[in-house]
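After this come two complexes, each holding chain A, first together with chain B and then together with chain C.
Then we have the complex of A and B:
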């Protein structure tokens, strides 16, 4: 009891009041709906597409379905590939943005965010036109011989990945740029001075220097792409469904809400588990840094934080 | 080898700004060579050219007989102690020092031995596993030095290494740096804007101004025999006089100074009667007495009124009005309270200095007098004018 009291006393009332709105928001719009979805997965389905009255484990057991591992696997590899490609493109972009002359930098940043000004659906339709079997791009590629006459550009995992990268690239560039902007570029000179080649300095000093930006960018890209629905729906073929499409199919076509909920629960867990892991790593590093800084401060000033 | 490190005709312009404007210098092996000058004089650019971060538009850098002008920084046998230390925040002290050795692919045993040797040398052994954020300013500086020295550079480049430290620590680090240099014997190229630092640590000082070297010499040469008004004013305080040679008498000449009188000065330049000369006279060379000093042929004597007294602890600085001039005079206290009659404001005093103590300058520029920042006499007559520019 005294321990609990101690902890409670540690929480400042003012701090609590400040966090209350965001905590309440999270509770009402994230935690409660998630719990409801988890609960529905254990209910029976009724004949009219609603939720039945009794509890059952059948839906969960039916998740062990030969169709699912393929879809789950595709969802994961498409999302992970998307994240890796986005990072590989964005890290050099962030580096050059941060080193760019201030006058040009704001124009370059504008180019990064300009796609947000157009509706997402419109942009996906634009890609559909661009990649279409009768589109100019495909004709050109066939003409140059890069593409075979019978090879499509659209309706496969490749087209999904391409548009995923296109869509999520700004979400990787922005946090990476924020981290790179705070990076002390003198450190690269120090590394060169100590004998590191330019690429070596980049990998051994710049990359660790923006590691927090890399973690944030990974989360910003990985999480929403795991839940992709529109892109595979519009650009994917019959055999390139992702989890989001399957869930939609259960809701709209088969009208089986418990099954949709079970799959949604799987999706939530696939997102939550790596996310919590990454947050744990980031948090531990931050508290370690903060502890070190306060320790140093109190060591040098005699003031205890 | 006398020409260990050589800068030959270095020019480097940033647009219209002549950062380095034709600098040629030679540094001897094992010496501490300082580049001293105000900010923007080109000293840091010259250091960066030596490190390889900047490619000069003209000129060569030669190290130990090898032209290194075209080499990238990582291929040069020089290492830098950066002004803000530029320690790697994601590595601990040990790994910061080991960075260069690991790149050179030295064996684990080697790395361990060398790093431990440097930790010992810089007295950082107990902090080996601390992260950079945990270190104090002085400790960071020691790590930066260890990280550079562990690679056994032919020249250690130091870019204002003490600028980020407070005064007391700066003095202590300066002594440590000096004894470290004695221990390792590596050539130091030391960039600073602090004349005190440069004077105390250097074997040779190059005083720079507007991208050019004004004078190169030992600290004593620079102080006692400044070639230009810039050097005289930048290094310590001084009094400037302009006059005309009236009479040449062997090694000495009589110089007529308007508004002060005739002064006897040692001829350290080729002079002709009627030629214009500029003199520099250090404040501590002038003796201030209440009683009239005995007349001697080797002594210049003047009489003036004390206008300002600034007590400095170890010494007192007086501003004395003599004719048209306002002379700065420093007097060290020897037996406080037992000194002859104390000198007070508005007292009439005698000033005297030896004929050898005035020094003739080769180059003189009015602008350099501003470096001495003499207090404005005008403000005394109008004490209510708060803004110094208002009565112009």
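Then we have the complex of A and C:
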């Protein structure tokens, strides 16, 4: 009790009043619901799509069902490939943006940010139109002979990956640009003067210089793509389900909430691995980390300090 | 020093990649052909149909009502949270910060399903209110982090100086602190508003009868395959997005500058 008192004494009333609204909100609407996922994964399902009264291990045990490892594996490889492609494209882009003339840079950043602000479903719809079987792009590709006459552009893992990259590219460019903007480009000149070739200087001086941006960008792309739901649902085929749309399927088509919860629990664990990895990498650099996120957000909103 | 062409070309490639599908949609909205594809002449009929569509108008109204209230709530809660995080360094704030971080990285589908189960467990009816509660939950952190960013750049000794010169605590806050963090609150609010307008996944899980939002309307139209009006709707949304981003970019720049001149005046 005295220990508790000691702790409470360190917190004054003003702090408590400022903290409680957001803290309370997130406890009730974020933490508590997440815990419910784990609880419901152990409940039985009733016949009406609701949750039964008794407890069971069956749902968890059924996760070993040969279907799931395939879905989990596809979710991981699509998300990891998406992250790698986004980084490979964004690093040179961030480099170029950071070295651009200030006036032009503003406009270039604006152009990069607009797709990020554009309604997500509009973008998905745009790709569906562009890749459509009777669309101009496919006609063109068939005409040039790149694509066979009976090969579709839509409804496979390739189209999912393409639109994942499209959706998450701005999420990678923005933190990388925030990091590149702070990089001292004289270091590159110095490396060149000391005899390093351009690519060598780029990889051994610039890349380590923006390493924190690389970590932030990877997380900002990898974690949401692990939970993708709309993209595989709209652009994937029958055999290219990801975890996200399997979860939705259990909620809406099969009406089995415990099974949806069990898969959601698997997704939570899958997401926690890269997050814990990042915390390990950024260990004891809390305040700078915070600065990184606020800087990235300020680029999202176009407001520059 | 000769610079490699490669990074510049990547940027150009990126921009083409970003805008090509959007351009196809806009062109399609004027195409007088039922299935897209080939050009059959210019028409404005889809825009005409769009304006007369009651369902879309209702969906737009719902979307704006939800975005308005959730943004307002987030601006209040987020600003308070940012102050708490900035002014105090306690264990409570460490926990608070971790809690604020978490929704930034949580996949949307997890928030959607967990809130669905939560509202099911407490017996709440799904609808506008549950969507609003969900939206505040995922937008709150963005406002808090944006305001926190402004606070980190603010020199709190300026407040002390103002108090020493005879200003009341309220005057000092209003005249010095507020102008500095206002762009942060506005930017955070704008971000929250856009995220709320744009959100599909959480909304989809939390919507009930009569709470159809614009993204849900778009989703079900794509699903149904009745996309004749979607091109026109998308084109309008694109234009609005462009205008909002450009306006916010320039007003933000102006706010920033006027505040810098104020700072310069204050220090000069």
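We adopt the following convention: the second predicted complex is superposed on the first by the 254 of 305 C-alpha atoms of A that agree within 3 Å, B and C clash if a C-alpha of one lies under 4 Å from a C-alpha of the other, contacts with A are read in each partner's own complex, and residues count from 1 in each chain.
Quick note on the criterion: a contact is a pair of C-beta atoms (placed from the backbone, for glycine too) under 8 Å apart; a residue touches a chain by one contact, two chains touch by 3 or more.
The structure displayed is predicted, hence computed values, not measured ones.
Contacts of A:205 after superposition on the shared chain: chain B is touched, whereas chain C is not.
Of the two partner chains, chain C is the only one that A:244 touches; chain B does not reach it.
By the touch criterion defined above, A:195 lies against chain B but remains apart from chain C after alignment on the C-alpha atoms of chain A. Number of chain A residues touched is higher for C, counting chain B against chain C. In the superposition on chain A, contact of A:186 is made with chain B only, not with chain C. Once both structures are placed on chain A, chain A residues 189, 192, 293, 295, 300 are touched by chain B and, in the other complex, by chain C.
Chain B meets chain A in the complex at residues 51-53, 72-74, 78-80, 82, 84, 86-90, 99-100, 103-104, 131, 133-136, 147-148, 151. Put simply, chain A touches chain C in their complex at residues 7, 10-11, 15-16, 18-19, 21-23, 25-27, 29-34, 36-37, 40, 50-51, 89, 92-93, 95-97, 99, 106, 108, 110-115, 117-130, 132, 134-136, 139, 166, 169, 173, 189, 192, 198, 219-220, 223-224, 226-230, 234, 244, 247-248, 251, 257, 260-261, 264, 267-268, 271, 275, 290-291, 293-295, 297-298, 300-305. Within the complex formed with chain A, the residues of chain C that make contact are 1, 3-4, 6-8, 10-11, 13-15, 17-22, 24-25, 28, 35-38, 76-78, 80-81, 83-84, 87-88, 90-93, 95-97, 99-111, 113-118, 120-121, 133-134, 136-137, 140, 142, 144-146, 148-150, 152-153, 183-184, 187-188, 190-191, 194, 197-198, 200-201, 205, 214-215, 218-219, 222, 227, 230-231, 234, 237-238, 241-242, 244-246, 248-249, 252-253, 255-256.
Only residues 184, 186-187, 189-197, 200, 205, 208-209, 211, 289, 292-293, 295-296, 300 of chain A touch chain B when the two sit together in their complex.
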